[in-house]
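Next up: some structures, all given as structure tokens.
Both complexes below contain subunit A, partnered by subunit B and then by subunit C.
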Partner chain A sequence: MSETALRPAARVVTRPSTPRKRRRRSAYARRQGRAGLAFVTPFMIIFTLIMIAPLGYAVYQSLYTTKLIGGTSFSGFANYSAVLQSGDFWGGVIRVIIFGGIQIPVMLAIAFFFATIFDLGVARWGPLFRAIYFIPFAVPIVVSSVMWGFLLDPAYGPFNHLMNAVGFHNFNWLSGNLMIPSIIIIAIWEWTGYNCIILYTALKSVPRDVIEAAILDDTPLWRIIVRIKLPMVRPAIIMLVFINTIGAMQLFIEPTILNNYQAGVVTNTWTPVIDIYSTAISNGQYQLGAAMAVVLAVIVVAISVASLGFRGRRRGQQ
Partner chain B sequence: MSGASISAETRRERRRRERLAERDAAIPVELYGLKRGTVTALTTCCVLFALFTLAPVAWVIINSTKTQSNIFGSFGFWFASPFEFFHTFANLFRDIDGDGTYANWFLNTVLYSLSGGIGATVLAVLGGYGFARFEFRGSKVFFAIIIAGLLVPITLVAVPLYLAYAKVHLINSVWGMILPSMVVPVGLYLMRTYVELSIPRELIDAARIDGASELRIFLRIALPLMVPGLMTVLLLSVAGTWNNYILPLIIFSNNQLFPVTVGMGLWSQHAGNSGDANLYPLLVLGGLVTIVPMIALFALLQRYWRGGLLLGSVAN
Partner chain C sequence: MLSRGSSPRRTNRFAATGIAGVAAVTLLAACSSSGGSSSSGGGTASAPASSGATSASPTGTPVLAGGNCSSSAAHITFWAWVPGMNRAVNEFNSTHTDACVTLQDPGAGTGEYVPLNNALKAGTGAPDVAEVEFDLLPSYEIQKYLVDLVPYGANKYKSLFAPWAWSQVSQGNAVYAMPSDFGPMGFYYNQQTLAKYKITPPATWDEFAADAVKLHSQNPKAYLINFPANDPQWLMDMMAQAGAWPFQYTGGANLTINWAGPAQQKFAAYWQKLLDEHAVSAIADLSPQESTELDTGTLGGAIYSAWAPSYFAPNVKHSVGQWRAAALPQWTAGGKVGTDWGGSTYPVFSQSKHPAQAAEFSEWLTATDQSWSIVKTPPSSLFPTYLPTLQSSSFKALTYPISGTSQPNQVFSAGALSIPLTTWPPFMTQVLTQGATTFGAVVNGKQTLMRAFTAFQQQETAYAKSQGFNVTT
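Moving on to the complex of A and B:
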């Protein structure tokens, strides 16, 4: 028992200060290490089996080609050059970039507007509205796409009747020109509440005395919002840009489901994930699909790293 | 009896106190020097966006009571007779067009979400505690790899998983759905942050001095303190699996194994030419039945997810 009593002291003494010393760790530190390893091992095993191994296998597969005659053979980067030269694939990438480039700023502006209202308490029944706005987060995207499909249905949808009543006849929310704007509306419906709650929590953590001082200086409210609150929640906004961008790049469910209400607009290559799905699963070109998945993963990671780098630089400047 | 009424009383008291404290913490609106009518105008904005948010939900509730012809023929935002709710509800338990039975899909969704969610929570709690309170060889590298996993969403892993499953015969296997649902890197990240903020090192060291084993320290000291964070991770991972579409779409070809999302996707594809099967009412009511448990769960556990979302934004 006296040995256990010494443990914390031993830990302080043997805490490694140089890399050379780290190799000679005390029995105590080794035991600690084993315990720590035991705690993280279950997660690491499943994580390796489910994420690392399949991704590795996909990269491996993407270097091979199966031909009708001759079977499967190593083809180097042939699949990758096919993906990189595919106009359809890049067309899909550009489409989701346009989608995200409009949807994310508009949604964040709306979310920030309401988060500010709730934070300042300048509207009645704030808690009630906060709860209502969060409801779509609990609706699976398949279900919300089905609901919106009914609402926007070109022949029977109530929103179509609405446009008719306003004077736009033969209006089609799901036509080729309006499919992206319609999906933007749906995505704004789905995600504004979630973004709003996160911005609201971030705004709540702005110190009260800063705002009070500004009010005592007779600073107009809009200036308090733009000059004090907005900069203080910038980390939360950048995190949201990052999360929403990753989400937008994977656009899949909404166009797939809406296609059942208006056939012919959403093609097999409409978004990168639809392209990957139809290539790998529907057409059975596993290796080409795997190469596409790898390329899209690289694009997503590059965007993420760029936005994290942006955040790091901002923080460095301050 | 009296005990119950006293606790109800104190709970009401506490809620009142919290509300007063919140009001005291807020800056009185009068101080902002707003023009008259601003509060009314902003409240109107809130009402308009609330109408936009509630419109599809209201549409689903109203139209879950209609016949197929009334769903298309009558005004979308008001009821029409006959009242078909119970008839359609009974049809949720039948295989009406050969695609499968909604009730069966619903049970699958519950099974996948609960087992995946509980598994994910157990792994995240253990792993988060391990990374937060222990230093061991490779811990930094492992954690960096998991953070990288945050950037690779399940949609992108789905096709690689399919290729790997084809190799190890996990296509059309329940485990092929449950195991990936247990990998929630963001859950581990949240739990690590939570442990660092809420469980002092001194507390654990004190228990070690008293000779408690690491397992005992975890179960008796750390775990009770981790419950609020744990509930957040449970909620997020259950909701994540509940909503998952692309993974089950890819790995299941047996309709009996579908979760609700894939089943409804299939129905929406077939509803247009299902003839007499009348799939549209089922699609509407099925959607309603799918979202009610999730909204109830979020409402019941709202103090947890609020805390958890806060954690996510602060931690970043």
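Moving on to the complex of A and C:
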């Protein structure tokens, strides 16, 4: 299978839409098409079984209502109407948007800063520090949340002693006003290393000759970083914004664990996923929970499409 | 000692254990698993099951006992989270030839209930017998998941159990589970701390309120007890003692919900007054903070239950030997009213192919001296509903390192026989989760307990009606 033969075939496979081309396809190209299908099929079967089918089943379930007295009956869009009118659910959505709106930019700025330092090679033992910054990502979120719960504990957590020492008495990191900032700190700690590695890899792929040319032109370092490197890793940054936004929308573990350290702050509707969990698991209203999950999925998809659209437009401009 | 506790785990139910369950629901919204702040972790332990594992188990749950059954014996699958339960199962297996029990521990509280509910809903995969807390039994009864044990001779054990426990497992003429352990409540206090403030254990709630004020006025950083408003189970148990129990349910579609009546509001006003006077602290109960404050003397005591000495012991570093138990303060002077916090039962599920042998095991486990001689000892340390053990002098005389030479079981055993009868609504998980949120606002001072009770009345009524119940107050 020579490379020259493979190239046109591949092009045909990726553009099967026009019938004229399809008719012209050679026997070889058809074989290639079948081979492609064979490669894709196992994934598609698993994808259908574990993603599409449960999704479809959840949508189906969300149209029903089960009562302890009276059993299951078709209820149309009653569950959706309940979700759309639920102040608690939308309060949770707004809370995670605020959370993500602060956490993601701050984290990406820190991650880019460290990635640049590693990329420049000015720090000694760069690989060691890359590994150290990556460690929080390897710690299960439940474990890190428990750890941070002890660190921020209002009675004897070291962070509290710190605030006391600098003059803030009765400071409570886990109080109603500071729960979101505290979780932002935790999330930044957890995810900066991961984002840093992605950005570092992207920076490494910036062509050396471009940088060398800029250096020969006596361009200052900060300009190289901000004007050349940053734009060139924009696709990676957009991807990270995208992934982190989806993660932020699903905030669950950190507030759920911290709830054990501070009573009365994290409610059973504090984030959309906590709301879904208490509705489906604690209240036994699985179908209502399914409707909430579908609504949340639609919100996440809308944000994803918007961010991809932004990326596409950017490309078009260049 | 033990980290047992039906109720202690309850508080944490919302926490770590929820993660596996939520994964299924959030699958929908999950396009990413690698990025962001909330990928799901946790899940069940992944130790491999030993050779005898049956298919009826949550994935990867290790077999703790049994598993080497002869082919002639009926195979019984048993789920429980009480540590050391394998000792009783091995004893049963070695003394019975007709049945062979395999024990698995899917996790405490939700860790067990989620796979159990899933298996029951699916119609396959449920164990023959499982540990179910008292308050959740009606939730299983109403869905017809439980086998009536009366045809298997359960009624002949009735006189062997504390009356409250037997009333919990029976409904009409049916008996839906065998009761095992429970948690009669008392005032658990640090002798030295109280002596320092010249306080003796109060006999009435009026004295209790005065003592709480007295202690706090001597040391503005210290409190007599913590009032855990976020823990609806603790609140409801205390309401039972005050004659203000808020639910009545005896099966069927009729349900009484009463959080806003005079008795309930009087109870709420009592505690709100102490909160307003800052005479009690308001932090999460059974939390690291509470344990530390009890150990270091910031809190003088706690309204705890019989399992508390064992539950609390691992966290005690400074106050070993200083802890004493006293009877609960009374609403009427000279009264002897107790109440219960937590405890477990062992029902047989309707999916069981061997209900006779499953019932035989459940009855043996809960109603024989042979079993109790094992499960009353650490690490199980169950507090018996089984009267022959509960009333035996050797059980009452047990001592615990944190209580020095005192015998806390004397107090808790006495309280065990004076518990007002209570009936739980058949959706207690909802009550506990919603209650934690509604009453949690009281901890922050954003809401008074009276108003929280009124709000809760509306929330529970709305929920019960949405579930098809006829609600009265």
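Note that the second predicted complex is superposed on the first by the 268 of 318 C-alpha atoms of A that agree within 3 Å, B and C clash if a C-alpha of one lies under 4 Å from a C-alpha of the other, contacts with A are read in each partner's own complex, and residues count from 1 in each chain.
The definition used in the following text is that a residue touches a chain if its C-beta (ideal position, glycine included) is under 8 Å from a C-beta of that chain, and two chains touch if they have at least 3 such contacts.
Fair warning: this is a prediction, and the values are worked out from it, not measured in the lab.
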Should subunit B and subunit C be called a clash or a fit once both complexes are overlaid on subunit A? clash
Just to be sure I read the superposition right, which of the two partners does A:T245 touch: subunit B = first, subunit C = second, or both, or neither? second
Would you sort A:Y64 into first (subunit B), second (subunit C), both or neither based on which partner it touches? neither
Would you sort A:I215 into first (subunit B), second (subunit C), both or neither based on which partner it touches? first
Looking at the overlay, does A:F129 come into contact with subunit B only (first), subunit C only (second), both, or neither? first
First (subunit B), second (subunit C), both or neither: which does A:F112 touch? neither
On the A-aligned overlay, A:I257 touches which partner chain: subunit B = first, subunit C = second, or both, or neither? both
Taking the superposition on A as described, I'd like to know which of subunit B and subunit C A:W173 touches: first, second, both or neither. neither
Of the two partners subunit B and subunit C, which one touches more residues belonging to subunit A? B
Examine A:A202 and indicate which partner it touches, taking first as subunit B and second as subunit C; both and neither are also allowed. first
Once chain A of both complexes is superposed, is A:P140 in touch with subunit B (first), subunit C (second), both, or neither? both
Subunit C stretch colliding with subunit B in the overlay (listed: 219-227, 255-263 or 309-317) is 309-317
Subunit A residues contacting subunit B in one complex and subunit C in the other 51, 54-55, 58, 140-142, 149-150, 153, 155-156, 246-247, 250, 252-253, 256-257, 260-261, 273, 276-277, 280-281, 289-290, 293, 296-297, 300-301, 304
Where on subunit A does subunit B make contact in their complex? 1, 4-5, 7-8, 29, 32-40, 42-44, 46-47, 49-55, 57-58, 61, 110, 113-114, 117, 120-126, 129, 131-144, 146-151, 153, 155-158, 161, 189, 192-193, 197-198, 201-202, 205, 208, 211-212, 215, 218, 220-221, 235-236, 239, 246-247, 250, 252-253, 256-257, 260-261, 273, 276-277, 280-281, 286, 289-290, 293, 296-297, 300-301, 304
For subunit B, which residues count as touching subunit A in their complex? 25-27, 29, 31-34, 38-39, 42-43, 45-46, 49-50, 52-57, 59-60, 63, 71-73, 75-77, 122-124, 126-127, 129-131, 133-137, 139, 142, 145-146, 148-149, 151-153, 155-157, 159-164, 167, 179-180, 182-183, 185, 188, 205, 208-209, 211, 214, 218, 239, 242-243, 245-246, 250, 260-262, 264-265, 268-269, 271-272, 283-284, 287, 290-291, 294-295, 297-299, 302, 306, 309-310, 312-314, 316
Flag every residue of subunit C that touches subunit A in the complex, lowest number first. 11-12, 14-16, 18-19, 21-22, 24-32, 34-42, 110, 114, 142-143, 228-230, 253, 282-285, 287-289, 292-293, 298, 426-427, 429-430, 432-434, 436-437, 439-444, 446, 463, 466-469
Listed in rising order, subunit A residues that touch subunit C in their complex are 51, 54-55, 58, 67-70, 103, 140-142, 149-150, 153-156, 175-176, 187, 190-191, 194, 240, 243-254, 256-257, 259-265, 267-269, 273, 276-278, 280-284, 289-290, 293-294, 296-297, 300-301, 304
